[in-house]
């Protein structure tokens, strides 16, 4: 279940051969559509516009209007008709335009997408992907900067993943589309335009697993998606101060791939979990609880969390106050090591 | 924030003066409607039928059709029009017929109910109560036995509570209705017909706080709602084996009232958290994470969880397998004490 | 042109005048509100009147043979028989709950028999008659109601989807499936054997369901994508305790006008009309002119479910009135009058019904309870390490009880697991 | 009677034939799909033609005085002026985003001026013209778009609710508010001064929004509870990149037929028609005959927002064509021809517009950024111990930075908090 990826979160940003995460997702979708004629892309404005983030740019032009569907403006409709298309043998890739707009489709996700297979005792599989650009830091208005991943981690029947590099974006979206189970795919919109190295030749065995991004000995710091570059910076800053951080990209939020985290904690004795999501009853709560259950005697300090506050997402002019940043991560590391 | 209630979860079940939780809720609603003409009850079948559980029995007859509204069959409509009624100065008490049917209203809850006050910088308050009969153990079909409380604990702007006794039901529903903030009120449907002592004369200071139901010294066991009677039985069984359990009813799930739990853990060094909700990214994850953060050195063992499995709610013939029960709780206590 | 106006009949308004007590004793007029609100409005399609008079319909031709009538009669009698048996079984504690179709036999058999083998159906939770027409044995319905599982037939092979309990969900799922039929080139193909190869979908929902956002979105998507789907609304006048007028001011089939596709109201207690209209609608969809909405105007003769108590919200008068429109009786009368069937036939169907009921009952009481592993199976199609581990740990935990006399798997026994420290004791 | 059928014009179907490349070069016909799909259909209500010809309407009487025309003209010019200024400010990095109303001035000023002081409005996010009519200073709109807050005016005092971004949500909220107006006895009271005391609600949404379940449920609830709410749909032909035909086969106002209340299509670029029809609709609601739906047929002349690039999905031809229907120009022409205004008036309005723009700009650049405590304020109305603690801990953490030269509150600086063990360094 474990893959150790050499690719650091932001390396290759200056390489000529590198691509943006947005481009990598577009390439991954294209590859999946070429490989399987049953793969459909559907959502609001995914056609001529190519989506508001251009992730589906050019796909309707090349695959036609019956494989890239501009849907009416209704998210329950996107998910609910996607369920029917999946029952018919298609592999719908549903785009939710922004994190805050998945909720009209929440009922179909929890009542049908997640339960159809269980209800039918396996007669139906549900090969659907729900793509959600998520997280803050883009100076947007309300409902455009949320981190709803914890809701989906609490829903049995779904798989939840998030990519943090261009290479992962390319491979993970393809692995998600190939999955016979529904996958909620969280894309860190703030990182869409950051570049990373991409080698399309050699496919990794799996990308739905935690990846150790940097080895270290003093404290383990784990996160996913938009915060990974923050962790990379923190590791550099800490190194400058003579502290060695082990950086882990969870990638699979549900199910959690905890082995690499546990192995790391047995080594460092300290764990800080980072996420933009509000703290209460969240993915960070789960990581803290599980790691404590399974590595109790290894922990020299409680698992500390750097997370969003338990408030609605604030106005964008003060969103930096809300978001995990270098200082907050280093402060948490300090507090952990001070135990 | 702390109240120590003498009322044990199931005592008084044989008393003549006792009432069922269903009756206590009905009495509490009636008292609130008599006290404030702005209090409305709305939902599916809450009128002549009195709700499928008869919690609103007789209210339409006595308060009229414009205070007890049979709504069209649409939950987003129940919540969304409830928001508008609250803006107009009413205090809507919205009934969701069963736990599994709150999700069509999820978007209105997260996007409007929870955010209207923040968005308007306090111009609007949102005095809405959303009543949800929840939990399993009643031999029902799919979608009628779920425990969705963790979703709501993750939503900033909401308060989440659950009652476990007739007395609490009576007082908590009134405290919820009096709250200027939205309250999601979880009613353990399996316990509706269990009786408990009710003294309507003396109002407690607050019921939105954790209550120590039984003092003990060896291990703390915390839960809420439907599992409280299980904890009471466990404490008896443990006592027979010479083990002293401290039983805590969380009552307020968001915000958590942790002081009584922390005080207890400092005494016992052991904590088991019990809930029917699936385990992943849940209320039990949060309790485990928070208690470990705040009482790390007091814990002789990791916080252990007895929770629902990470599956959809199973067919009712095997729901006993799924539900926390006496054995599972005692087993967790054993495992904790064996650390 | 002047806008159509909506002016409330004076006095009809109970608000805000309605004070305490207004809802004390439901009046008959309140109680038959459901009928009042919808029995107005022109153009109810009917072929066989309650009195058993057959009148062909110009728009919905149907070749009414004695064989056809006998088959439909038999279907309705058998379906009603096992429905009543299930109700009885629930009363005797053999089922956790039952959802009766009593009164809706014609609405369901007519629609079910209009389907072609290649068509797909998405039911709600009351469509036992449609299940019957799709070749599902009635005993396969029992798992849901006895609580041994969440479904019980092969929805793919039978082209009859699992029951959907969350009101309205299936309407969007059906629309998506129908979109897929179209994308597959199975609609309006103009192929040689099109009527046997081209496909359509039909989705079933109730009068109350029409208020749900999902039903609206299903109609929006179906119109936008020209999906070959028939929206079949069984207006049985009640959504548990709420009469249909709580959901709509106007007949429900008029909703279709707002989306730009046909909406037809059919006498839901007339099996011939339901058959003819549904066949027409499915063929419209099949040939590319979908979607179509049908409102089958019928009545829920029994309680909402065995858990419900209709005496709290509707008058016996109302139910009595509807008995005169019984869907089976009018066919029996016509068959007798027209000589389409003799007493031997009716006796034969009765005997067959009794056999079915006996087999149904015997099956029910013998149904096995699944083991704990069912809880973990089919949550995912691919392996899932976290769930596999939860299952392994739980089975190991259960194993700790073995040999413990008092205990059984998952029972709430007092002696507990020996698989742990507790085992020392 | 024979059912209305929906038969696709042959060849219109691009599916499933549409293969790769089919969507390569959008044809003009594809591009004006939105117009095509909706400009058909009879009964567009118009009082002042694009050419500036005034024709009274029998059903929607309006006393058209020079004063009225001058006021409406002024409103539209001023609103357009600050809308353009906001667009420019965004381009210059002073606003994070702007949502232009260009082209919809008449639809909004007409509706806004039809409202009485006691009426309540629920906007979407583009209703700057309605805000203007409710007496909200344009600068109060800026907080949302500069990102200093999520709203900026007093929604209770102005009876203009906060902007709602989640498409469709506000339609249900407005319906609930209108139900409350009725429960309060403020509808059809028959009181002496009813037109000044009885109330109505108006809710604004777009053509795309009509597909959302919430909009449907709002109409269902409004009909069921006779709520005094006007559903005002600004059909500006586009939902970002999707033409209205992706949402509906038929004109949107026809949706009202399915619910049993009036649906009216008005020329949304004719401020007089919008005023007359909206006033009629609000009064219908006020007097107890609500709800009413209005489709204002207009056009989004600019991008969806400043983040959007319309050249990717619609042709300049289309926008050019609509310039001939400009809502302001026709009023100017009529005022000039009819002698209702002289050059001095027009110059005066222009000068006033420039002043407003200057004040608007000056205000924008001077807007303060809130402190970190805003993040925690007003999440709840009552005290909340958990949040109070999070705020206290965070402010203490920030205090740890004080005196740290490089740092600022919450900045991503390299030196970090001294409030903790880290402070040792």
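For clarity, chains are labelled A, B, C and D in written order, and residue numbers in each chain start from 1.
Note that contacts are C-beta pairs under 8 Å (C-beta built on N, C-alpha and C of every residue); 3 or more make two chains touch, one makes a residue touch a chain.
Predicted, not measured: the structure shown is a model, and the values here were computed from it.
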| item | value |
| --- | --- |
| Greatest separation from chain B - chain, by CA centre | D |
| B-D against A-D, pair bridged by the larger set of C-beta contacts | A-D |
| Interchain centroid distance [CA atoms averaged], chain B/chain D, Å | 40 |
| Where chain A and chain D are represented by their mean Cα positions, the distance between them in whole Å | 34 |
| In chain D, residues with contacts to at least two other chains | 15-16, 149-150, 166, 183-184, 211-214, 217, 220, 224-225, 246-247, 379, 386-387 |
| Per-residue overlap in chain B, given as positions that touch at least 2 other chains | 66, 71-72, 74, 76-77, 100, 103-104, 107, 111, 115, 118-119, 142-143, 156-157, 280, 309-312 |
| Residues on chain A engaged by chain D in the complex (per definition of touch) | 44-45, 47-50, 52, 60-66, 68, 70-74, 76-77, 100-101, 103-104, 139-143, 237, 241, 280, 309-312, 314-322, 325-328, 330-331, 334-335, 337-338 |
| Residue ranges of chain D in contact with chain B within the complex | 149-151, 154-156, 161-162, 164, 166, 169, 171-181, 183-184, 213-214, 217-218, 220-221, 224-225, 377-382, 384-387 |
| Interface residues, chain B side, partner chain A - complex | 100, 103-104, 106-107, 110-111, 114-115, 118-119, 142-143, 150-151, 153-154, 156-157, 254, 278, 280-286, 288-290, 292-293, 296, 301-305, 309-312, 339 |
| Touching residues (chain side chain A, partner chain C) in the complex | 1, 40, 66, 69, 71-72, 74, 76-77, 79-90, 104, 107-108, 111-112, 115-126, 156-157, 159, 179-181, 255-257 |
| Chain D residues touching chain A - in the complex, by the definition given at the top | 14-16, 18-24, 26, 96-97, 143-150, 165-168, 208-209, 211-214, 239-242, 246-247, 307-309, 312-313, 369-372, 374-376, 379, 386-387, 390, 394, 397, 401, 407, 409-414, 416-417, 419-422, 425 |
